[in-house]
Amino acid sequence: MLRLSAPNGELLLQTPRLEVGVAGAEANVGVALAQLGHRVSMVSALPDTAVGDAPLQALRSHGIDCDGILRSPGRMGLYFVETGAGARSTEVIYDRAHSAFVRVPPEKWDWDANLAGAGRLHLSGITPALGERGTQAALRAAEAAGRAGVPVSFDGNYRAKLWESWDSDPRAVLTQLIARADVLFGNHRDIALLLDRPFSGDGAVRRREAAEAAFAAFPNLKLVACTARHVETSDVHRLSARVDRPDGWHETDEIVISGIVDRVGTGDAFAAGILHALACGADDAEVARFGLALARYKHSIHGDQVLIRSRDLAALLEEGKDVRR
Amino acid sequence: MLRLSAPNGELLLQTPRLEVGVAGAEANVGVALAQLGHRVSMVSALPDTAVGDAPLQALRSHGIDCDGILRSPGRMGLYFVETGAGARSTEVIYDRAHSAFVRVPPEKWDWDANLAGAGRLHLSGITPALGERGTQAALRAAEAAGRAGVPVSFDGNYRAKLWESWDSDPRAVLTQLIARADVLFGNHRDIALLLDRPFSGDGAVRRREAAEAAFAAFPNLKLVACTARHVETSDVHRLSARVDRPDGWHETDEIVISGIVDRVGTGDAFAAGILHALACGADDAEVARFGLALARYKHSIHGDQVLIRSRDLAALLEEGKDVRR
Amino acid sequence: MLRLSAPNGELLLQTPRLEVGVAGAEANVGVALAQLGHRVSMVSALPDTAVGDAPLQALRSHGIDCDGILRSPGRMGLYFVETGAGARSTEVIYDRAHSAFVRVPPEKWDWDANLAGAGRLHLSGITPALGERGTQAALRAAEAAGRAGVPVSFDGNYRAKLWESWDSDPRAVLTQLIARADVLFGNHRDIALLLDRPFSGDGAVRRREAAEAAFAAFPNLKLVACTARHVETSDVHRLSARVDRPDGWHETDEIVISGIVDRVGTGDAFAAGILHALACGADDAEVARFGLALARYKHSIHGDQVLIRSRDLAALLEEGKDVRR
Amino acid sequence: MLRLSAPNGELLLQTPRLEVGVAGAEANVGVALAQLGHRVSMVSALPDTAVGDAPLQALRSHGIDCDGILRSPGRMGLYFVETGAGARSTEVIYDRAHSAFVRVPPEKWDWDANLAGAGRLHLSGITPALGERGTQAALRAAEAAGRAGVPVSFDGNYRAKLWESWDSDPRAVLTQLIARADVLFGNHRDIALLLDRPFSGDGAVRRREAAEAAFAAFPNLKLVACTARHVETSDVHRLSARVDRPDGWHETDEIVISGIVDRVGTGDAFAAGILHALACGADDAEVARFGLALARYKHSIHGDQVLIRSRDLAALLEEGKDVRR
Amino acid sequence: MLRLSAPNGELLLQTPRLEVGVAGAEANVGVALAQLGHRVSMVSALPDTAVGDAPLQALRSHGIDCDGILRSPGRMGLYFVETGAGARSTEVIYDRAHSAFVRVPPEKWDWDANLAGAGRLHLSGITPALGERGTQAALRAAEAAGRAGVPVSFDGNYRAKLWESWDSDPRAVLTQLIARADVLFGNHRDIALLLDRPFSGDGAVRRREAAEAAFAAFPNLKLVACTARHVETSDVHRLSARVDRPDGWHETDEIVISGIVDRVGTGDAFAAGILHALACGADDAEVARFGLALARYKHSIHGDQVLIRSRDLAALLEEGKDVRR
Amino acid sequence: MLRLSAPNGELLLQTPRLEVGVAGAEANVGVALAQLGHRVSMVSALPDTAVGDAPLQALRSHGIDCDGILRSPGRMGLYFVETGAGARSTEVIYDRAHSAFVRVPPEKWDWDANLAGAGRLHLSGITPALGERGTQAALRAAEAAGRAGVPVSFDGNYRAKLWESWDSDPRAVLTQLIARADVLFGNHRDIALLLDRPFSGDGAVRRREAAEAAFAAFPNLKLVACTARHVETSDVHRLSARVDRPDGWHETDEIVISGIVDRVGTGDAFAAGILHALACGADDAEVARFGLALARYKHSIHGDQVLIRSRDLAALLEEGKDVRR
């Protein structure tokens, strides 16, 4: 997906220019993990035009293996962003219907080949929400991962508008997908929707109740991770992170995030941070802390992706540093 | 008037580029009202050159009827802006002398035709301050409005430097204009200047005393509206709004405005907000709240005008919203 | 339609920026005619988002009446342009499927109202090529014009790819439309496709033969206009113009067009030039000369539209002028 | 004077940006001579604002001594440029009335001090054309040069519009100024206007006749220099140069100038080239050749000034060089 | 030195553009003092290329006398900046090895001539750290100042990496230089390094102890000035200033600096502020206050230098001013 | 190497911005071949900073395998470009001394591993010219290619300034390298330098004589390729291509290249075109024609590299095409 954003804090097309970047939930997670030194492969479809070349080049520039990206008919999925400030919210206008990805016939994907040698399959809930073919692609990918013994992580990213735009049964689809996952990114609201039941009670109590219900419903699940965000203005948010295990949980303190440059993609940065820390064998407190740190860091960077090299990791976990020379 | 501003928070001509936008007190109010769905006509004069085409096109782009804009000899009024940050104030350098507008002979304006069918005439105190011809234009417009039964709103916008640059009697002129107005935008300092008398006492007491003096001096006046601003840094201000009626008043709580993008034009946004809410039949509390909301929102937008569509109105009155997708 | 173009002669997304402009065959003709002082109304559909606001504002900025533009569901039609240079051709990538326009149900258009008081209806062959609903819209518009006695001009703009993308019968549709037109923009290749017959012979002979066939097939037709273009490099073309009447014709000398800034939209500039000259009562030699002059002039301007004010008309018809002060 | 130009070959305010540069006939000559290693002082007046700082900084950046520049009331003289292409001419819109310079009372200038130690005073015909005070300034400067034995060069730069805008007698003023000059930049049309007599005949004959008439009328005059320009398109001109002495003349071949980037200021570059070559003791053929070379070179540079360092002089006189590494 | 910075808060080369400015500790102090009305001369060396012209022009544009700048072999010293935001620190990457300055043979500098008529010599600790030749240049300059009775100010700017990159003895060199200074910019950590001894104790006690040690070690020293900075986020710092005399000291309150645009160069702005206030005969409280005010103001300006004209000095010392018109 | 270029035809640092791109002879050839569908690996060294990341990301974005690129101490090689126009030549200022590449100890390179599976090793004459370590690297690479049976192509790129900057024997080094090559890019002047003998006679005769001398001196050589360029202005060149075999040769007609956007890198595009056509098994006439076509195409593209996808190959070989839709 390409992101077209108004430059320099302008409104959309206040001046007749747009800045272009690669975007998309899985791409964002992939770029972050590649930056952190992981081997990452991306599976998707892009139109075989100069417009489709752009995201391919961007992904490859970060060292992502793009052999699994098909060049096929259809348009390039786009979205427009207008970055908020003060009392004005960031606004996103999607234009991703009929993209090359959602036009790929299910049999064109060779999931067994794509997953050969993989250490993990990461899926976003946006993929199945895109329509029948997106759902098929996600389900088949998850099945192939099951066959190959590749663990699956799943980020809910529930978008009601997408599911409502076609004759869909989101609960049935998501249930099938999460049943195959060991890591779920989602909060108590996502789980309530998924299990079609409310969670009452206060803050941490409710969050735990929801996580326990998820573990009960999905026996393969080993970890549920989420953030809680309070928006003061478009420039100042408060954020905390939490990971739940079947037998315990860890929740960080809430931090203040000010001087926000770009809030879009912070959820994907969080997911990447969690997956990175898990892969490094960190304990749950560190996992939550690292996910939060990467999400926080993303707020300071233009574009959909958190761009941070392994050599900058130390800086990530410190706060309030002066100029680095 | 054209606004030439240094880009990206630079000082003026720190790099050799300027961003250009349409500006001017009445234009700003007009654009805001047009955005909110009102029918707006603008009366002014522009040089018949490519430079004069620019503001004409900008006004038309917002759907403003520009049939009342003359193309005539003289230069384009300009002003230069350097947007402040932190401890550095925003600075404005005017270059509007000898503009096409102030060279139009009074008899060239056909105010009766321009006001035919109008629901309101909005005037700024800058217009008469521009010189003899500006004064004539404003007075004749107000007289024509009187003849046609069109209510007049008047925004003081007192600029001592402008009045002092010619052989003027601002009090005599402004008194004549306000005598014809039903809505006045001005605070206790403006009224003190106008009536040549001080108002002592504390905050709200002084404000009420001034408003009552205005209602006493100008029997046609039905509403006086103003804001009170406290500047902490160039990026953080506090603001409250107030409307006075002959028989009562409403003052909002003070709000903090942070992450300021552009403070210029917020007074015009306030005026537009008040006029919109009045036109919608809102009660005084809502009128003050809406004026304040539009003024606050303007701080988040580059340029002189608050750009907000009817479809974004709901967002305007909520605070601290996250990304809108 | 929005046009997204690579800036400064770059390849598409060579740097991550795009310049945005309004585009579309009818819009281009409309903007040119509005610039030249004609009253122009545009009928179309745009999504009700900030992205859809952009072309609306651009059209209004030129003084075009946009009351006939619906705001309705669907996406914004886009196209990407990479401007050629030297041996490298300009390249255009369309992304206009599923736009708001092609999703409007035929009964939503009120052509009788839209055409009330109109002096002419201008249609492009791209409109019916967009699909069933585009065809319906064009046919109904032409029928309404017939009912109202409004003359119709039609610009072929034959795009095989568009017609082939759905179950279409272009010849049947175009024949119906041209049957109602008094002015046709098209050359011998267009007419050959339309009438399904070849025209042999040399240059001017073949052109005349084609025009005569068109007049024979479409008795309402009073004028056929076309250009002939020879491309030397992306920066240097040769161009001539021709108008045919049932009883005669005029063809200009071929001119060299160098220093080409942007070749896109020159056909629409030609059409606008012909329509302007016809409206001014020019004789056929002048009509052809003026169409050619406006087309030539367009080559020197960025974007889809020829931007020229009445006050610059004299300059248009002179050649090789030095700086105008 | 500041120059505000549309960027990248756009029309004026086609996008809402302007590029800013220092400009003005004498400033252009001064910058070129300073680049070539001459000591240059500038005498003028600028408003004491950030806008007035810009040209001061630009002139100083080239090493020009600006101690003779007053900071005084009045506005900054501006002009807008839209660079032509192909069939579209470059267009200039002046906005220099009421500038700080033309508001300086004559007695404020200390010409004797300004000229102390000077090797030459260069004046442009634009200065006296700006009004009574401009005329006074130019005449007094020329008189002071006479007193100090400083030779005067004068560039006609005849602008009818400027002289017609006030109650002026250009011939009387210019005659007085040129009477004090040893070098005059002007062609047969300028001399015809000055002496109020026509010169008939063909090319070189007419040019010589005019020069001889100038030498006869102004006994102090030692050299008359001019160019002859033929404009093919905005991008391709032909140019030749000529110098006349009382006892002979030299005229270069005509050269083709293609790939024109910016034609404005080429006359000032020519004057600077002539003055540089004269100062270096070159013979007349070299003088003409160098003036033409500098004028040609200016066509390849954005902005009003020819920017060339002594170290690039060799490159200036060669043609068709490939990349310099 | 040239500064190459990522534009608009981007990461380095996130988009393929860089903004270029002049930089360097002494240059920054010199530009600030020239802006404030002092006569300033700069002594340095620049390559004789278009790249070396750029900083020369920038320095001259501020009115700095550059006759002491040699054009000589070697490269242009560069550094890259990525401006921080929120949790992300500003990052600086130096590329200044092998610059023209460090290749100048010591005997090429004519320090006696350069210092003729000077009121002060300001040196930065970066100069000797650049290598053998930098050390020689700094020592000889200081010796010449001693001979000429020109007071010396010295800003520590200790950069361990620079000293470690060659066979250096920083303490020996710095001791020699500071022995000749009357003003030292440095805090207790700098003095501890210099004197090779720790200072224990709390805040103000430790600072005074260090200053007293410096006065004891360097009898010529009359004033030691420093700031204390606490970094909350990249956008919000807290800062206080302090000046020590042998017989007393003054320390300002700590101020909050928010809305930070560019933190680089704030130490040089502080030094310039101290030197300016000293030159104006201010008392120590004012000296500290003015140094802090100039440092604070610098945080609001892009680039290495604090750009403030004498006419803006009043604004500098006020806080929280609204728009200046 | 990074290329820093003045934007939009400006002079270097005429405005304070630079555009950044990846550059370098081998990189340029590699990018072109990768675009055309070949598997390409790059061997080099880059500093381990954000500045060094930029070229790495750019190379990877084109699909080049960068596993052979070391991250090591030293600076980033840079060069500055000012693109010519009309009579003004393009100017290049190198700043590549002391780069990370020339500081790599010879034993750090693992040429055997780097060449495993390679189909060809391409070397530029710039590499050995950079100094002792560059020479060692080139020689060892060529030796390893010999061991592995990997054919070597060598592009002379003779830069006298580089060889003269150290104690070098270019003839000895180049002779060793070319002795191992089967393809040499170089013209009669390069060969004359190499063999230390002149070639007299006219055009084609001299070229053949030089090629035959090269084949005689280097028995492994199978093909010599070169272009001949005539520069009319910076915007218009004439170019022909030639390939020599021991037993014959082919030379194309000279073509005119106008509308030149960027001439830098056209020699590398030529080399890539020759290598591509050879790899495709083309005959010599086609090889020469394709090399010339790619070189010509490069002139129309900003930056050092010819960016052309396999899908655009057809367009490459046609001339004078109109807009591609």
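Quick notes
The chains carry the letters A, B, C, D, E and F, assigned in the order they are written, with residues numbered from 1 in each.
Basically, a residue touches a chain if its C-beta (ideal position, glycine included) is under 8 Å from a C-beta of that chain, and two chains touch if they have at least 3 such contacts.
None of these values were measured; they are calculated from a predicted model.
With centres defined by CA atoms alone, the chain at the far end from chain E is C.
Comparing the chain pairs C-E and D-E, the larger number of C-beta pairs in contact belongs to D-E. Placing every chain at the mean of its C-alpha atoms, the farthest one from chain A is found to be D.
Note on E-F: its contact pairs, compared by residue number with those of A-D, A-B or A-C, agree for more than half at A-C. Between the Cα centres of chain D and chain F there is a gap of 45 Å. Distance from the chain B centre to the chain C centre is 42 Å, each centre being the mean of its Cα atoms. Counting partners per residue, chain C has 8, 11, 15-17, 19, 50, 53, 91 as the residues that reach two or more other chains.
Interface residues of chain D facing chain B in the complex, by the touch rule stated above, are 4, 7, 11-13, 16-21, 49-51, 53-54, 75-76, 78, 80, 82, 91, 93, 95, 97-98. Partner chain A is touched in their complex by these residues of chain E: 8-11, 14-15, 84-92, 94, 159, 161, 229-236, 263-264. On the side of chain C, the complex with chain B involves touching residues 48, 50, 53, 57-58, 60-63, 309, 311. Within the complex formed with chain C, the chain F residues making contact are 7-8, 19, 257-261, 296-297, 299-303, 307, 315-316, 319-325. Taken together, the chain E residues at the contact with chain C in this complex read 15-17.
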